[in-house]
Structures are given as structure tokens and as C-alpha cells.
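Going by the order they are written in, the chains are A, B, C, D, E, F, G and H; count residues from 1 in each one.
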Amino acid sequence: MINREILNLLRRYKTGEIQEKTIIAKLKNLSFESLGFAKIDHHRAIRKGFPEVIFCEGKTSVQVAKISRKIVDNRNNLLATRATPDNYEEVKKVIPGAVYNEIGRVITYELKKQKRSSKKIIVIVSAGTSDIPIAEEAAVTAYMMGNRVEKVFDVGIAGIHRLLNYMDMLNRASVVIVVAGMEGALASVIGGLIDKPVIAVPTSVGYGASFNGIAALLGMLNSCAAGITVVNIDNGFGAGFAASLILKA
Amino acid sequence: MINREILNLLRRYKTGEIQEKTIIAKLKNLSFESLGFAKIDHHRAIRKGFPEVIFCEGKTSVQVAKISRKIVDNRNNLLATRATPDNYEEVKKVIPGAVYNEIGRVITYELKKQKRSSKKIIVIVSAGTSDIPIAEEAAVTAYMMGNRVEKVFDVGIAGIHRLLNYMDMLNRASVVIVVAGMEGALASVIGGLIDKPVIAVPTSVGYGASFNGIAALLGMLNSCAAGITVVNIDNGFGAGFAASLILKA
Amino acid sequence: MINREILNLLRRYKTGEIQEKTIIAKLKNLSFESLGFAKIDHHRAIRKGFPEVIFCEGKTSVQVAKISRKIVDNRNNLLATRATPDNYEEVKKVIPGAVYNEIGRVITYELKKQKRSSKKIIVIVSAGTSDIPIAEEAAVTAYMMGNRVEKVFDVGIAGIHRLLNYMDMLNRASVVIVVAGMEGALASVIGGLIDKPVIAVPTSVGYGASFNGIAALLGMLNSCAAGITVVNIDNGFGAGFAASLILKA
Amino acid sequence: MINREILNLLRRYKTGEIQEKTIIAKLKNLSFESLGFAKIDHHRAIRKGFPEVIFCEGKTSVQVAKISRKIVDNRNNLLATRATPDNYEEVKKVIPGAVYNEIGRVITYELKKQKRSSKKIIVIVSAGTSDIPIAEEAAVTAYMMGNRVEKVFDVGIAGIHRLLNYMDMLNRASVVIVVAGMEGALASVIGGLIDKPVIAVPTSVGYGASFNGIAALLGMLNSCAAGITVVNIDNGFGAGFAASLILKA
Amino acid sequence: MINREILNLLRRYKTGEIQEKTIIAKLKNLSFESLGFAKIDHHRAIRKGFPEVIFCEGKTSVQVAKISRKIVDNRNNLLATRATPDNYEEVKKVIPGAVYNEIGRVITYELKKQKRSSKKIIVIVSAGTSDIPIAEEAAVTAYMMGNRVEKVFDVGIAGIHRLLNYMDMLNRASVVIVVAGMEGALASVIGGLIDKPVIAVPTSVGYGASFNGIAALLGMLNSCAAGITVVNIDNGFGAGFAASLILKA
Amino acid sequence: MINREILNLLRRYKTGEIQEKTIIAKLKNLSFESLGFAKIDHHRAIRKGFPEVIFCEGKTSVQVAKISRKIVDNRNNLLATRATPDNYEEVKKVIPGAVYNEIGRVITYELKKQKRSSKKIIVIVSAGTSDIPIAEEAAVTAYMMGNRVEKVFDVGIAGIHRLLNYMDMLNRASVVIVVAGMEGALASVIGGLIDKPVIAVPTSVGYGASFNGIAALLGMLNSCAAGITVVNIDNGFGAGFAASLILKA
Amino acid sequence: MINREILNLLRRYKTGEIQEKTIIAKLKNLSFESLGFAKIDHHRAIRKGFPEVIFCEGKTSVQVAKISRKIVDNRNNLLATRATPDNYEEVKKVIPGAVYNEIGRVITYELKKQKRSSKKIIVIVSAGTSDIPIAEEAAVTAYMMGNRVEKVFDVGIAGIHRLLNYMDMLNRASVVIVVAGMEGALASVIGGLIDKPVIAVPTSVGYGASFNGIAALLGMLNSCAAGITVVNIDNGFGAGFAASLILKA
Amino acid sequence: MINREILNLLRRYKTGEIQEKTIIAKLKNLSFESLGFAKIDHHRAIRKGFPEVIFCEGKTSVQVAKISRKIVDNRNNLLATRATPDNYEEVKKVIPGAVYNEIGRVITYELKKQKRSSKKIIVIVSAGTSDIPIAEEAAVTAYMMGNRVEKVFDVGIAGIHRLLNYMDMLNRASVVIVVAGMEGALASVIGGLIDKPVIAVPTSVGYGASFNGIAALLGMLNSCAAGITVVNIDNGFGAGFAASLILKA
């Protein structure tokens, strides 16, 4: 499409139909999309396998369903985060095969089953039962990006032996996502035990001076264990997405 | 002394020297110190063994030395916190036997060696080398309050096996003081491992978003391990003092 | 239980049923629970008398009832905090003898009456009527941990003589829990009057610049009275739990 | 002066020297100072007794001395706050009778001794030795505004009986200024004991989570004792000034 | 009442019915209320004219009504702040003459009309229409404390000439209460115009970065106009109360 | 009107009906409105074209309708921001021609179509779909102030080529308003691309550590691109108003 | 330069020297600088009159001098902000005609005197003497951008009549920059008095709870006067720059 | 080593030298290091190639040199961050071949040149000249971990075309580290342009409301571009370390 537009100009220039001055002006006026950003956009190709993502918060169920249908019509996989049961009801009407993960509040639809590496595993660890929704969001995101995912939920550091029982799995992981609220110390403990990239997700779970996740966020940013990086509070999607990029790095 | 004053009044009343109205007025005018607060102050007796404490920050070396001398003259043990080497030079002139703990920045003088319980131990754990000054302040404070103190320094959670090697000592402790900066997660880990009162001291050690100890403070307040209580940032003295009160509880 | 598993291995090794190499591998593969953490976990024995605790917030009534039943079936006492009347209705169906403290929002069930020390008392002081729910939570927690508890409610410092009338009770206490919102100054006042460990609980009670308990929290952390330690905002359970650990210290 | 200008206009108008249009225009163009603000400025008269104030921070000693000299030349009393010894040296050169309060860092010069009410007393209470500089600043300010001032220093609430010994003085006060750092609870305690306006001055004295006076500021704003008003952190001058206005109210 | 108890003791001592030792012990055991705090409590007398205050927030309508009735039965005036219409309905049942100020959300009942000074006026100025409820709370409080009150509402600084039109009233005031949200600059402007004590009440009115009153609070604390003191956000009652104390200073 | 009052005085003075002293007093007592502030208020003339603005939040629908009617009766254009559908229903009853912008939550009524400059354009750019309501508020405000407005919505920097396609429009703009939540980086990017005044509006759109717009606000204040100024969070009206003033500068 | 490169390609294509495929690939590979951003960069032309700016903080004097020399060699005017006297000494060596504004800490060099509009004035108002350095920075910046600048310093709102005396100048201004620390209320007052764009610069001047300019920043963002926009704390340069852009809008 | 100890026990048990009870007790008493943590520690092997790291801040030059020597003696590469020139002088005495990166403040010593992948590149982008020290710290860290590193410094978004010129390099990267202060928007822009993991490092560079890096930190956490993870303010080392782990993931 882009090429055709340029080609057209070039040919008309060659035939003398347009002047040097004109073609230069026109080349410069081509929108960035059509010309300049070819360079930028060709990374889109890499993204091919990736689902298109809808952030449902602040959208009506009808809007969510409409965008979902369009994505699937474009032969893309669908990932809709922060979806309510009501959003799902509406999506199901237009994409009967859509699946709803109630805990992680995610709607997904996979056009055709992706082949997943049997070697590169993303392990997702969560500290408390209240952190599970965010951990699930991360898990479904990573899974929809074509990765193998394993989950270890409810292994907070207040009973550290439970965590230590999972050392084998943690050592097998390529990337570990740690989801924790309150003081968020689980990320430090895991970061100190393994030699893998750890993505820490602070959650807004907590009371009093947890300040809706700030305590966990600060705890994770200040971790004494090197190699930990942090995403925004409750941003399970972001962690799953970043972990997927890492496996492709 | 108090009694004598009241007695005097009562006798003069009995002999008719003063009237009902007069004695009632006089009783009411007795200062709180002399009358009403006997009740409050008799807990002072309990404090007997405790040293008198000077907080040196914001005082001149001469002032520190003068107050120190007065304390010792009153037959009290001396504990001067946040003391500079210069403070110590001045104190040594008037109390030659005074001892300076350079790391913990504490000057002490014990009139006569206190007998320390061989059973009740206060264990002080610190996370990093930079937390040691505060840990030392806590240790010296607890020691001067008549307690047996054991120290485990530099056992941060980034290498948790080092900590686990000290489980026996932690289990023998009556109270554990945990001194940690950065994310302060050590308190949670220890609180999850033992069934003893844990006093957490956040330190101002850290960089960037540690905000001079706020990250550690929030981490400790929001600990998922029950039984942890917290003192102010860098307040090693407060932790040592509170631990001593606990052993007398 | 643990011993049996190891014993079994050892005997099979002794009889030559398994090889040296095998037994070493197996010993190393024993989960931390079964082997390594014996050391850690044997503190569980101490906890024996302690109830199992459920934090009800974020759980459905059915979930709360189910966990409660399981706890009681395991011959443990029950303590469910932040419980709604609705939670209680459901619990009562499966544990008819369960008791609900409406003010403190706590459900309890004691399998058999614990014997309480007549000497070691935990005194719980609260500043205003709005602080009472948190104070009750602390009181029920401490009681369920097997302690004698006395309560002094509504003795804020704006009428300090009311507080002073309770000096005797405060002096009889082994530990004092002070529950206060607004500026939280009650903790400092009590900390200055007695020689006992004081656990301060800031509450989210207040208006304007109280910032849901931050003013009280900062006030308590910065108390000029030594020996005060602090728990998280509104964390009555944590204070009751810590006080219980102190009495066992 | 103002009147003369208007008078002049009016007379020239009456004589026909200037037209209606002209005088109206001229009246409107009179600067606010000369016309409109007579109404506003005549409160200056009330201020007569008040000294002129210099805030020395950020001024050179020469500047301070120069302004000081000008104030005295205008027959005003002088009050220079946050003054360094160096500032004073320079001022003394041009106003030999100037007095320096080293603790409160205030330079003063009273042209002639003011008569002070023997009945209306401003009592200034401070919590700790480190609060004294701010308390002194308040005291000197109030004194220079023509008030009788009494000081009660170092009566923190960690030993509340010391404070109670001063009940008589507090009850005699017309206004009480309470200067306190750390948790600032002294303001609440005094506010609960007396029926007088209490002006609370939080100081930046404290450690760790006192955040340079924020803890004290919040504590005072959230005081459970009614009738307390607050000035900025370390603003002893503001408190002394406000107390003086109150005595004139 | 107190006297009688002491008298009784003294007489029994004089008659020899009780011994010296006994009477001294008994005197010391008298509650602070009955003995020691006579000194403290006799300021109650001054408060005589003051109404008893109920803070309705967090109380049921039945509780509010019950406490209100008791206050009136004790021959005290009633002031109930933060009262809902529902609270009022219930109070009216037991105190038919009670009055409800719907805007200020205050219930009042005056046993007998107080005589108000015709000279000492408290002027209450508010910046915007949304600040009026807090201004009304301050006004009713000051009125019920026996003061003459004048109100100037809706004179924000965005149209400063409206404010300047009220200079006369401001100059007649003994105390001015300024109620303002958003940036709270009205307090500074008024503080710069008059020589009277100004009590500033920040309100939680505002959007975005007003942070529920913090912007106004900081603005008022940092006012460049001397003589301003500040109460907590939305604390109209506190301002009215403090202004009343000032008029009695 | 003002002139007449002064004129009257002058004439009565000229005729001798009133004395010098009287006229001077009377001149000084003229309200600021009538005399002194002519100077201030004559800028009102400039404002002529501007609509009168109602901020609906915190007002009842009846109040909004009543004020709206009054504005229109005074022959002014109407702009009511933060209006609910309910507000609009009520306004329509009294101003049938009033228009409601549902997305921007603004009610407008233009008495007669204003002529808009075809050269000076205000371009409004928004980053995400959730920022559109605030962008619309800015757009309608600027439009009602008599400006030509163009809108470019949904061009966040996560796909910067979309933005670059609008370079022509941005270069044609006289002022650009950038509306963005989350990290607010769009303002910096646009500020770096063009040489026009950029007004940045942070929105409260975001999650976790966006803190209801603080992240965007700080991002915009700290922009590395010079020439950006910032209004309050979600303050679309303020941005539209400021942009209008700029076009008249 | 750019044109030549494209021209070359086109001509070689026309002559058949390069193929369609080749020229398209080459066109796409042209760096953004050479092709795509012609569109973006041609706004540089507008900037012609503008000086090049150096932010001196964090640069050595030698570095500052070197960059300065290069700027002047390129026939640009020079504006170096946050310059120390030492920076100036070094610059003077290489640009003898460079001028240093000591108060505003700015070094400037104007190649040839710019012609300044006699109609469009930028008025810069500052509240206190300590705000003057930032006000000077804004003034010099605006002046070097080719504008006429007038300054009104030291007209804080604590004596509002001084400000009102400058109404004429404010009304003559095209843009007003208000520089104020402490509570920053001056911006609101001026914003309420005039109908011109107001750029508010909060300064870090203040004490206690001014928090290095946060109080002023919040005050300005929350101003009740519409039309005010805000730049970063102490960012006089940014305000001067934005004001210049406005005059060109 | 571990095996031998266990083996020994087992054999003595088999021969009957020790009893069942004894061997079980002894097995349980093996330190975690010797037994349980074999599992944990064997990840050390992976770390082999990694240098040992010293954080120099808070250590004396002599301490730094001593630890450095020990590391090199253990045949490890050396990486000492936050090193002063003075630290380096001392290290050079004991490790003559040590190299000092003055800008990044890092001392390194590589025992033998590591072979670096020619395919996997870590690209480090920094926004402004003041961010370079942190960017260098990240670069040296990543290099010492055995990676190929490319640097693009000074490509802030205020001139976005400079950045776009580096699209090729960014697209070739396996991981991109973005180092930026002020509003930190560069991370968002780059995250929107490429499909690689982006590690964002906020720096404390900035003025006014940048709050020593908080503005940049919040900006990065709230980035609208997915796939960005964040490390602590100024933590170049952490970013370099995390990037290295990613390349090994």
C-alpha cells in the first residue's frame, strides 16, 4: 500500500508528469505512517503472535463486545483485562467461544491453539489469597502471549518453608513473576534464592499504612536482592507482558 | 518527706491549731509531686536498676559531660546515646571509667557490674553492614538495662540460608530485635520463623525510593507476620528499651 | 510423622534395600516441611494453645464458615477477625457454639475454657468511643490467646484526670495496649506514666488532616516516652497477638 | 496628607479652576494609598506599639544592620528574628543598645520601656530542651509586642507530674503558647487541662518519622482537645504575634 | 461533695476513730477526681455558660437523642455537630424545642437566651458557596458559646473588590474566622488587611491537586500574613470554639 | 452611576450645601465598588464576549437551572461545567435551546452565534479514550469563549507515529492543550515538537501508583520541554479558559 | 542539504541508474533527520530570534564557556541560566561582551540588539525579596526572547494596597508572570484582578510546612481564579519562555 | 563435602555405632548450609561468570581495597560501584590492573577477558547529560556480566527526531535500559517504539517538583507502554544486573 503510493509518484515523475520540486514536496508530505515509519512499524511483524489487548475498565459491555469482535475478525487472538461478568456476557454473544477467567477478570479467545515451548517456563508466585486475582491476570496474559506458565499461589514469607518446597520449580523457571501485597517482601526473598529475572508486582492488598500498595511498591523497589524489576501496583497484565518480551529477548 | 508534710498538717489540725477549712485548702494546694503523684511516681522504684539516659544530639560536649557526672554522682548507671568521639573525650575527663562504643555511638558507665539472667536473652539481628550502628545502639541499651544480649549481624534475606543457620539462637531468644533498612523484609521473615516478640527497627539505610527509612518502616508495619511491633526509624535505643521492659513484663 | 518417614528410609538402608546414593538423594529431596524445617516448625508446639486465625475481609460467608469448621474439627480454638454479622450467621450454622463480638467484629469459639493467669494482665486502653471496635478486637485476640484482659475505654487525654484514676490498674498491668486515633497522644501519656511495655495501635478515627490514621501513627512512632512500640493502623489483632507473645517471652 | 491632596482638588474645583470632569477623573486616579486605602490603613494606628520586624534569614549582616537602623530612626521598636551572632555584631555597630537573645536568635531594641499589663499573661510552655529556641522566639516576640510573658520550659508529657505542678500558672494565663516537637502531644494535654486559647507551635525537633515537624504538626491539628489553633512548623514568631493580637481582641 | 469525703476522714481522725497511718493512706487513695484534680477541674466553673457538645458522626440517631436529653436534663445548653436530618428527627422527639441548622448540620437547644456582648463580634468569612456548611458550623458554635456573630459569605479573592467592601465589618470584628477551600488564599488576604486574630479553617472543597483540603491547609500555615492560626480541615466547630476562648482571654 | 453619585456630592459641595469636612468623609466612605474599583472593574468590559460560568458540582439541578436562567436573562452566554444529565433536564425546562455535551458534561447556550477567527486555532490533543471527557470540557470552554477549536483524540505516545501524522495540525495551532493521564508524557513529546504555548492538563486516569493524577501532574511540571505550563488535575475548563486568554494576549 | 540528497536519488532513478525497488528502499532508509523530520524541524525557522540556552547546573565553568563560545560562533544569542560567578568569569574570557545578571544568576550575550515591541509587555510580579532571583531569571529569559519586560517586585498580599497601586501596569500587560513562595496566594489575587494570561511560578522560599515550594505549587494549581497556569517550582526560565511563546501565539 | 558428612553418619549408623535416635537427631541438626540448602545454593554455579560486587558508599577506601583484593584472590572478577577517586587510588595499590570509570564511578577488574555474544546486545539510552553517570553504571555492570553493550546518550524526547535516528540500534537490541530523570517520559516513548524488554531507571536529576526522582519513578511506573519494568531511583547497577539475567533467561 505504501509502496504503491510512492511508486506512483516516482513513475509520474519519471514520465515527466510531475516536476522534481513537486515530487520532493509530495514525498515530504507523505504521512509518517505511509513512509517514515515503515522502519518503526515493521516491528509489528514480530508482534504477530501476540493477542490484541482491551482494557475493559471504563468501557461499556457493548463497546467491549464490539472491539472484541473486530479483533477476532482481524484474525487476532483476544485478551480483555479487568473484564466484569457482564462484559463477558456481551462478548459471548458475538464470540461464542470466548473464555472468561473469573478470578483474573480476563476474557480470552485463541483463534488456534499456540504451540508452547516446553523449556521456557514463566513461574508466577503469589503471597496471599487476596493477591491471586492479579496473579491470574499475569498468568493468563503470559499464556496468551504463547508461553508455558506455572503457578505457585499462597506462599507468603510468614511460613517460609512452604516457599522453600518450591525451589525446584523456581530453579526451572526462565522468568519469575512475584505478586505480593502488604510489605511485598516475597519478591526480595525469591530474588535472593534464584538467579533468574524476577518481575515484582505490588498489589493494593493490605490495611492501614499499606496505602493501597505503596508499602509493597516501595519494598520491592528497595529490595536488597539484585535483579528485581517492578511494575505498577496491581499491574498483572504488565508483568505478564514484560515476562513474555523477556522470553523473546 | 511527703508523709511528713501531711502528718504535720494533720497534727496541727488535731490540736486545733488549724481549722477544718484551712487543712482542706492546704491539702488541696499540696503540689502534685508531694501528694497526688506519689501514686504515679512510686513506679520509679522499679526503674532503679535502669541507667539514666542522655540523648547527646544537640548538646555540647561540656553539657554532656556535666550531666553525665551528675548522673554518676547520684549513683546511677550512665547511658549516653548519639555520642560523638568529642562528647566522649569530655566525659572521660570527669568519669575516667566511662566506655565508648564507637560503632553504636554510645557512652556507658556501669557503677557496679549488674548480674544478668542466663536464661532470658535478647537477640539482635541486623540485615546489612550499614545497619550495624543502630543495632549496636540497641544492643548496648539492652545490655545496660541488665539483660543478656546476643548479636547476629549481616544476615539479610538476599541470602536466606545464612539466616536459617541461626535458627537455634533465634529460638533461644526471649525477644528478638530486627534492625533493617532498604525494604525491611528481614523482620517479616524472622517474624514468620519464630514465636517470640519481634521488635522491628527500620533504618534510614537505602537509596532512591527508600526515602530515608520510610520504605523499611512501611514494610515492617505491614508485615504479614503477626507479633511484630515497630519503633521509629533508626531508634535503636527505643528498641533496646522496649525489649528490656518486655523481659520485666 | 516426620520421624517415621526418615526412620523408614534409614531402616531400608540398613537392610540394604536401598543404596547409599539413594538414601542421600532421598534425604535431600525430603520436603523442607518433613525434614529441614523440623527445627523451624517445632515452635508450632508452643503455639498449641493459640487459636487458628481467619481474616474474614475479602472472603465470602460460606468460605469463612467452611474454614472455621475445619479449624474446629482439627481441635483448634477459632478466632475470626473483621467478621460481618452475615459471616457469623453462616458460621453459627456449622459451629452452633460460636460467639460473635459485634463491636470488635470477631467470631470466636473456645473448645474448652483455657485457664488464665491471675497475675499477668493485659490492660487495653482506648481514647474515644470510635476507637472501641479496634480495642475490642485487641481484647478478644489477647483473651483467646489465653490471657487475662482488662479494659479501660474512653479515657482520652482531653480530660486527663479520668485517665489518672486508672493508675492502679495500669500499674498492675504486665502489658498495656493503647488504642487511639486523632493525634494518638494517649500512648505517649501512658508511656510516660508507667514502666511497662506499651503497644500502641493508631486508629483511622479522625477528620481532615488525620489522613485515616497517619497522624496517630506518626504521633506514636515519635513518642517522647521510651518503651512504646507500634503496630499498623487499626491492627487490633496484631497488638493483641504481640501482647500475648510478650507474656510468654 | 491625604486630606490635603483631596482638599486641594476640591478647592480648585470650587473656584472653577478645574472642571467637574477633571476632578472626577483626578479623584479616580488618586493612588489607592492616598485615597481608597485610608480605610484599610488606619488600622496602622492600632499597630503603633508594635515593633517593626525583620526576618534575617537570607539577608546579609550589613542589610540587617541597615534596615534596623532605619526602623529605629523612624522611632519604632526593633525585632529581628532568625538573627545570627554575626548579624548582631553588625547591628550593634549602628544601634549600640540593641540586645541579642542568643537562644531565640532574636535581636531587639526597645526605644522606651513599654508598660505591661500585670493581669494579662502569655504563658509559653515547651516540651524539650531542643524546643527552647523556638519557645524563646515566641517569648521575645510577645514581650516586644507589649505583653507580660511567663515561661515554663522542659515539661514534656513523658513525666506529666512536672506539668501538673504548673497548673496554677496555666490557669492564670490569658493565652498559652505550646511549643513541642516529636509527637507534639503536649498541646493536647494542656488543651485538655485549661479553658484558655492555646496556640500550638510544632517544631522540627525529632528523628526518623518525625519528618522535620510534620508528625508534630499533624498531631496538633488533630488534637482531641478543642480550642487549639496551630501555626507553621518552628514559627515561634507567628505564635507570639498571634497571642499578642488575641490579648488586644 | 469532695469536701464532705475529706471532712469525714478528718473528723474520724480527730476523734481517734482512725489512725494517722490510716488517714494518710486513705488521703492518698482518694481518686484524682475527688482530691487532686479539684485544682484542675475548678476551671469547669468558667465553662459554665458553654454548651455540652456532641459529635454525631458515628453515633446512631437514638444515641444522639439520648445523650442530648441527658445534657438538657443537666441544665446545659446543647450543641450537636455533624448532625443528619435523621439525627434531628430523633432529638426533636425528646427535646421538642431543639433547632436544626440544616446547612451547618448542627442541632442546638438553648435553655434560656444568653445575653450577648454588643461590642465583641466574631466575624465569619467564607470564600465560596461550598465552604458555607463549615462556616455555618463555626457560626453556630460561636453563637452558642454566647457570642455575637456576623457572617460574610462568598467573598473569594477572585473578585477582591467584593471583599474590600466589607472592610468596615472586618475592622469592627474582635476575631475573624476565615473559611476557605481550594488554595485558601482568602486567609492571607484578610490577615494582611486587618490587625485582629484570624483563625483559618481550610475546607476539603476543591478538585484535583487540592487533595481534600491539604492545599488550603498548607496555604494557610504558610501564610505570609502574621497573626493567622489554623485549625484542622473542615473543623468549623474548632474554629468557633477557639474564637470563643479568645473573646474570654 | 458612580459618576452621578460623586457628581452629586461635588455639586452640593460647590453650592455650599455640604462642608469640606463632610464631602471628604463621604468620598472616603464610598464603597470600593462605586469609586476605587472603577479602575479594577473596567476590565470587565473586555470580558464581554465571555460566557458566565457555573460549576455544577455540589449544586442541585434546580439551583443550576435558576442561575442559568438568570445568566441568559442578563444577555450572557451560558457555560455550565460538571453538569449531570439531570442538571440538563432541569435547565432545558427554563432554557429550551440549551445544549448538553454529554461526554464533556457541559451545558451551553449561545445567545447569538459568535464569529470565530479562521486563523487562530486552539488544538486539543488527548492521550487515551478515558481522557476524552476532560478534553471535551476544554474544547467546549474554548469554543464558548469565541475560539476555533480542533480536536485530536487518542494519540498516546505508545504509538508515536499516530501523533506524528498530526504535525501539520499542531504546527497550524496557536495554542495546544494536551490532556493526558497515566505518566502524562504526551505533553513533553508535543512540547518538544512544536514552538507554540502548550497547556498541559493532567487527568486522574490511571491505576496503582498514578495516584489519581499526581504522576501525570508531576510528569508535566517536570517536562524537559520548555514552554509547557500546567493546570490542575482534570481541570479542562481552566485549560480552555487560559488558552482563550492567550489568544487575546 | 536534504533536498540535494533526495534530488540525487531521483535523478539517478530517472536516468535509470537505480531501479524502482532501490530508490524506494533508499528513500525509506533516509534518516529521519534528513527526510521525515523536515516537517518537524522547519519550525526551527520560527525560533530564529531565540537564544540558545545553557542550563549551567552540573556543568564545569570550562564546559559552560566552551558551549557558550560555540553558540555565539553560530551567530546565536546566548542565555545561560543558574550560572555561578565562577561560570561567568570563564565565559567572559571567551566572550568579552557577555553580561552577568548576578541576582538572576543568568549570563547573556546579545549579538545585536533586538527590536522590542512597544505594545506587548510581559509584566513580572514577585511577592517577597527572596523570590527576586527567580523573578529575575524569568525577566532576563523573556527579555532575551525579544520581549519588552516590566518588573514589579515585593508586592506580597500581606499589604494588598501596594499591589493595587500597580493595577494600571497589570492592565497594560499582555502576559503576567507571578513569582511567589510561601502560600503563593499572589497568583490568585492577580488572576482575580485582570483578564490576562497569568503564569504562576511557585518558589521554594518558605519555612516549615512550605516543603520547599509544594505549598505554593498546590496553592497555585488550586487557584480559584481561572486562567492561571503553573510551571515547576523555581522555574523562572520556563515561565519566561512560555510567556514569550504566548506573545507569538 | 556435604555428602561426606551425611555418608559418615549413615555408615556409622549401619555399623551400629550410632543409634536410630542419634542419627535422626544429628540429621536434623545439620546446618542448613550443609544439608538443606544444597538445593538452594547450587544456583551459585550459574553465577560463576558474574563478578563479585562491592557497594562502596559508606565504606572506607582501605575497606574497599581489602575486599577487592580478596575477591580477586578468589579468582573472581571485580565490580565496585559508587566508588570515589580516592577508593580507586587505594584499590590500585593492591590491584594494579584495576580500571576506574570516573563518570560511572565504578572500579572494575577482569581476570581474563570474557567472550561476549555478538548477537545479544544491551542498549543503554539516556535522556540528558546529567543522567550519564547512572547510565554508565548500568553499562559497566552489564559489560562486566559478560554482555555486549551499546550506548546512546543524550537523546531526550524534547527533540524526538534525534531518538528516531537510533531506531535501527534499538531494533537490534535484546534488552533496552532507559535512564532518565525529570519526567522520565523517554521510557514510555521507547517502550512504544520497540518490542523488546525495557528496563527503566529513574534518576534523581531534576528541579523543583521532581522530588529527587519521584516524578520520573511515577512516570515510568505509570507508563502507557506495556513491557516496561522499573528499578529504584539511580539504580544503574540494578538495571545492568537485571538486563544480564534477562539475556540468560
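The rule is simple: a residue touches a chain if its C-beta (ideal position, glycine included) is under 8 Å from a C-beta of that chain, and two chains touch if they have at least 3 such contacts.
For clarity, every value in this text was computed on a predicted model and none was experimentally measured.
If you take chain B and chain C together, the chains in touch with both are A, D, E, H.
Of all chains, the one whose CA centroid is most distant from that of chain E is H. Homomeric contact chain D/chain E: same residue numbering on both sides for over half of the interface positions. Most remote from chain D, judged by the distance between CA-atom centroids, is A.
Chain E and chain H have CA centres that are 60 Å apart.
Chain A and chain F have CA centres that are 39 Å apart.
The set of chain E residues that touch two or more partner chains comprises 32, 36, 39-40, 160, 164, 167, 193, 207-210, 214, 217, 221-222, 226, 232-233. By the definition given earlier, chain contacts exist for A-B, A-C, A-F, A-G, A-H, B-C, B-D, B-E, B-H, C-D, C-E, C-H, D-E, D-F, D-G, E-F, E-G, F-G, F-H, G-H. Residues of chain E touching chain F in their complex: 129-130, 160-162, 164-165, 167, 207-210.
Chain F makes touch with chain D in their complex at residues 3, 6-7, 10, 13-14, 20, 23-24, 27-28, 32, 35-36, 38-39.
Of all the residues in chain G, the ones that touch chain F in their complex are 39-40, 43, 46-47, 53, 120, 164, 167-168, 171, 174-175, 193-197, 199, 217, 221-222, 226-233, 237-239, 241-242, 245-249.
Residue ranges on chain G touching chain E, taken from their complex, read 127-128, 156-160, 182-185, 188-189, 191-193, 206-211, 214-216, 218-226.
Listed in rising order, the residues of chain D touching chain G in the complex are 31-33, 36-37, 40-41, 58, 202, 204, 213-214, 217, 232-235.
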